[in-house]
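Both of the next two complexes hold subunit A, though its partner changes from subunit B to subunit C.
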Partner chain A sequence: MEQVAFFVGAIGALGAAFAVVIVKNPFYSVLALVIHLVFLAGIFLLLMAQFLAAALIVVYAGAVMVLYVFVAAYVGGIEEPKWDSSPELRIVGPILAVALFIAISIAVLGSGLSALGTPGPDDVPAGFGTPEAVGHLMMEDFLIAFEAASLLLLVAAVAAIVLAGRRREDRKKQLTGGEGA
Partner chain B sequence: MPDLVLGLPLADTNFVDATWIMIVKSLVIFIVILSLVPLLLLGERKLLGRFQQRYGPNRVGPYGLGQPLADVGKLLSKQAFRPKGAVPFLYEIAPALTIISAVLTLAILPFGDVQGDVGFYGIDVPIGILYFFAFSSIAFYGLLLGGWASGSKYSFLGAMRSAAQLISYEIAMGLSLLGVVMMAGSLSLVDIVKAQGEVWYVVPQIVGFLIFLVGGFAETNRPPFDLPEADAELVAGYGTEYGGMRFGSFMFAEYMEMLIVSGIASTMFLGGWMGPGPPGLDPVWMLLKMIVLTIFFIWIRATLPRFRYDQLMSFGWKILLPLATLNVLVTAVLVVVT
Partner chain C sequence: MSFDAPTIDYAGLSPVIALTVGLVVIVLAAVFDSVRRFGPALALLTYAVTAGCLIWQWNANLDLVSGSLRIDGLAVTLSLLAVIAAAVAVLLAIGDPSETQAGRSDWLALLTGSLLGMVILAQATSMLTFFVGLELLSIPLYALCGTNLRRRESLESGLKYLIVGSVGSATLLYGLAMIYGASGATGFQAISDGLQAGDGMLSDSLTLVGVGMVAVGLAFKVSIAPFHQWTPDVYQGAPTPVTAFMAVATKAAAFAVFIRFFLVALGPLADQWDVMLAALAALSIVVGNVGALAQTSLKRMLGYSGVAQAGYMLAGIVTATQAGVDALVFYLAAYVAMNVAAFAVVVIRERQNGFSDDISTLRGLGREKPLLAWPLTIAMLALAGLPPTAGFIGKLYLIEALVDDDWTWLAVMIAIGTMISLGYYLRVVATLWMSPAGQAEAGAEIDTASLPPQIAGAQADPFEDSRADRRWYLVAPALIATAAALFFGVIPQPLVDFAQHAGDALSVWIS
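Entry: the complex of A and B
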């Protein structure tokens, strides 16, 4: 039963992830990403990381992807014409992709996958993956990293508002012929 | 040791009963709520009639009680129609998405504590209220896909409005519940109800309650926040191109979500199943509170005119969000001090 659930989740997540890249219509691409996130949340549930699963759905599927869908529905929806890349890019691109793949493979093989051959922990501690457990980790063990990340996000949000505001002022100046505003 | 649901180590839940009890429970919850929805439709039309000094439906059966049956029969017997410009698969799956996510959310509403071997709720998950938010964000894709896949401008505009509205109000709604969560010290809805033994959270968390209600109106697209389906400007918004039971599913999901938001509000702020009388009466109290809140929804619909779109946005971001944040801050300080 567990294996079945894992393979359903894994195949779904991988298939949707491929669809994100392959599909030509950006709107479908975004939808595929949402489906990928839902399957990924399922795999998190199998790993007893329920808080992570819920957060993934609420934050990514519920907020971030909504914005993506928003933009794709407004701007996209039409199939993109095939982009003519320059000959240099056609050579450099695959090389970079292979390099990235090798780098990630080394990182994965060196860390996460080392537990693959072993049966894994028999007993997950009670309360593992609950909001309480994650909260203790974030607020006690990794407080500084957590706060730094939130500060970074705040700076990014303020910067976005400032940039958008400046553009609006420019436009106003153009409309009024440089006067006022 | 984590509990196993159907042989799967799918996260741990606080109390799990035997599988057959789970199945019976799911059926009971599903049937009760599902039969409440048509009654609610009738009740709304009746009440709206009274609010507007007219009779409301009274032709079908005694007091018009047969009206919901007639409505559903009509919707079911209509041709399943798809406009030419619609996107085939997405157009059909959108109403299903909304209704499935609404039904799934029913699982966490607690109608009573564990009595004997049966917990009077679908499941009691430690992530509790996050479950509600997770499925309400999936329900949104139903609206959005419906609007986008219809291939009509009205539908599309309705869907876009619902997207913007959902993001804006979900944040304030989440923050408004944070005060309750901090006071109860748990996300589990069952624990939150139990923590309200002495005083219902509506008293210390009155600000959170009001913000949650306003956010609930916006989340369920109910007037005065029904901009996504504003019939004066958008015909019927995301549902414009839908007919028959597909339209019915959208309607059904909307009313079910109204019941769910009422249920969450009663659980978080109004003491959930708490009430005088023996424990056997618990589900009755919970249902009663849900229905009273739902009638409040209808009352508001009859009373307030629709917001303008910019008013909706600035109200959400400039008033509700700061207010909710302040509420969280004050609650946090008070919880730490006391």
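Entry: the complex of A and C
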């Protein structure tokens, strides 16, 4: 059962990831990314990382993807000029990608696979990674960091309003200036 | 599992609480027109209450909220410096284009948010509060740099700072993750214990790479060469009140956590990182001082001089002794006074000269307006480290701490850097006092003409203020800071006690 779930998740995640790159329409690309993240969350669930799975869905599949969809809908209709990559870049790019793949493969084969098929390290406390355990950490040990992060969001919102207000004003100026001329 | 609420010592947490309440009130004040004009008063009141809470907790020495924060001498002294810098920034920003265009309450909310990040950072004793505090410090500052909405340079500096700052934060976070991997702990004391308990962890490459990346990340924040390239551009482009705040307060807060993280969490590794930090300090002294020589923009020159000064201060950490920390905190306090005096004069001159900070706009100022020329003269002499100013005593303490700990070559570097720095500090003084006053107008005219095109394209800048040199909120910071730089140069004992209070807080960890 576990193996079936793993392979379904892995094939789904890989297939969707390929689709993100291959599909021409950016809108479908974003949808494929959502599917990829859902499968990935399934794999996290198999690893007993419930909090990570839920956070992945809420933050990435939810918030970040909505942002991407907005961007795709906002600029997607415009025919973009094809980005002309320089010939050097066209050669160096794939070489770097292959090098990175080899490096990661060496790292994975060298260390990660030795733990495959074992239940993992022994000294992990019970309930590690559950939403309950993470919640306790947030509210007990890291309360200050948690609260400070909320203040960070507040000032970031103020900062965004300040900088967005400039664009609004400039556009108003442009419009009135255009009428005058 | 039951919920064990952490014990919260509200007295110890009071500075943070006071600032948070102030921040929320300032944000809310933006909604009501009738309150908005009292923004600066509200901000100053908040800072005064925060300073009061800090002084109330002067002798406190305890961990707060399950070891996330620690209020002690180091936190209190350096937070006070940051609060003073923020109050000065509020005064200097009254009537500044950046504050008016961004909306007064919004501007002040960003400043207060950044200050809150600094106060948290100065108290942080856990990697989580360390990182969140650093971001809370940085993100409002990125926006503040861009608040001079009509000037391209301001927006450019905000964007530049955002990108470079993010690289710094990412590097730092990567390093913190590696140190967590090596020690298995997030609290500073627990990291030190974990590194010592682990088998061979003190010389493991994971630990050392982590230490290196944290040092690089912090070097970005305090603008240590070779991670300083953003500094001159951002200092020049940002609105001057923001530059003043950034130059002074960011250094105080970032050095607080620099001291705490390296001396407490990475204390067992002192023999490994001291050479690395010494090399960074030496490089910073050379690059900053040589770079400043060729500058014609006053703010840009102060940016390079800030790089050099950061190098001097970093030398205090290199020693990993209490004397080194004392010297660093003393120098930081003197640095606040010297820079506030210099930037206040720059703000005044900018408003009278169409927002040009070219050194030539200072010509003949000594004869025309000695009240402006003296603060800038004394600030420059203090930054150069000439007696009888606080800058001289600060350098003396740093060199003494270095020589006592067998870092004579670094002390010699400081002396050499000081010699080079006379070249550009004295050039400013010479421009102030020597050139005939008749050239002043000619110089000013050229500068107005060569001003970069403004986005709005208005003919007369509504923010120019020919009477800026009579506004008390601009002149008072300059005069008080100058008086402080002179006073503590003649009678340094009160400031020495202040600095030793910071050093004593670390007496458990260092000798």
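As a working rule, the second predicted complex is superposed on the first by the 111 of 181 C-alpha atoms of A that agree within 3 Å, B and C clash if a C-alpha of one lies under 4 Å from a C-alpha of the other, contacts with A are read in each partner's own complex, and residues count from 1 in each chain.
The working rule: a contact is a pair of C-beta atoms (placed from the backbone, for glycine too) under 8 Å apart; a residue touches a chain by one contact, two chains touch by 3 or more.
Keep in mind it's a predicted model, so treat the numbers as computed, not measured.
Once the two complexes are laid over each other on the shared chain, residue contacts for A:Ala156 go to subunit C alone; subunit B is not touched. Of the two partner chains placed around the shared chain by superposition, neither subunit B nor subunit C is touched by A:Glu88. Contact with subunit C, but none with subunit B, is seen for A:Ala148 once the two complexes are overlaid on the shared chain. Of the two partner chains, subunit B is the only one that A:Phe51 touches; subunit C does not reach it.
Look at A:Glu140: by the touch rule set out above, it reaches subunit C but stays clear of subunit B. Subunit A is touched at more residues by one of its partners, and among subunit B and subunit C that partner is B.
With both structures placed on the common chain, the touch criterion links A:Glu132 to subunit B and to subunit C. In the superposition on chain A, A:Glu2 contacts subunit B only, with no contact to subunit C.
When both complexes are overlaid on chain A, the residue A:Phe70 reaches subunit B alone and has no touch with subunit C. 127, 132 are the residues of subunit A that lie in the contact sets of both subunit B and subunit C, per the superposition on chain A. Here subunit B touches subunit A in the complex through residues 1-2, 6-12, 125-127, 130-131, 133-134, 136-138, 140-141, 144-145, 148, 156, 159-160, 163-164, 166-167, 170, 187, going by the rule given at the top.
By the touch rule above, subunit A contacts subunit C in their complex via residues 127, 132-133, 136, 139-145, 148-149, 151-152, 154-156, 158-163, 165-166, 169-170, 173.
Across the complex, subunit A meets subunit B through its residues 1-2, 5, 27, 31, 34, 38, 45-46, 48-51, 53-55, 57-58, 61-63, 66-67, 69-70, 73-74, 77, 123-124, 126-132. By the touch rule above, subunit C contacts subunit A in their complex via residues 1, 3-6, 20, 23, 27, 64-69, 101-103, 106-107, 109-110, 113-114, 116-117, 120, 126, 128-129, 131-133, 135-136, 139-140, 142-143, 146-147, 149, 158, 455-456.
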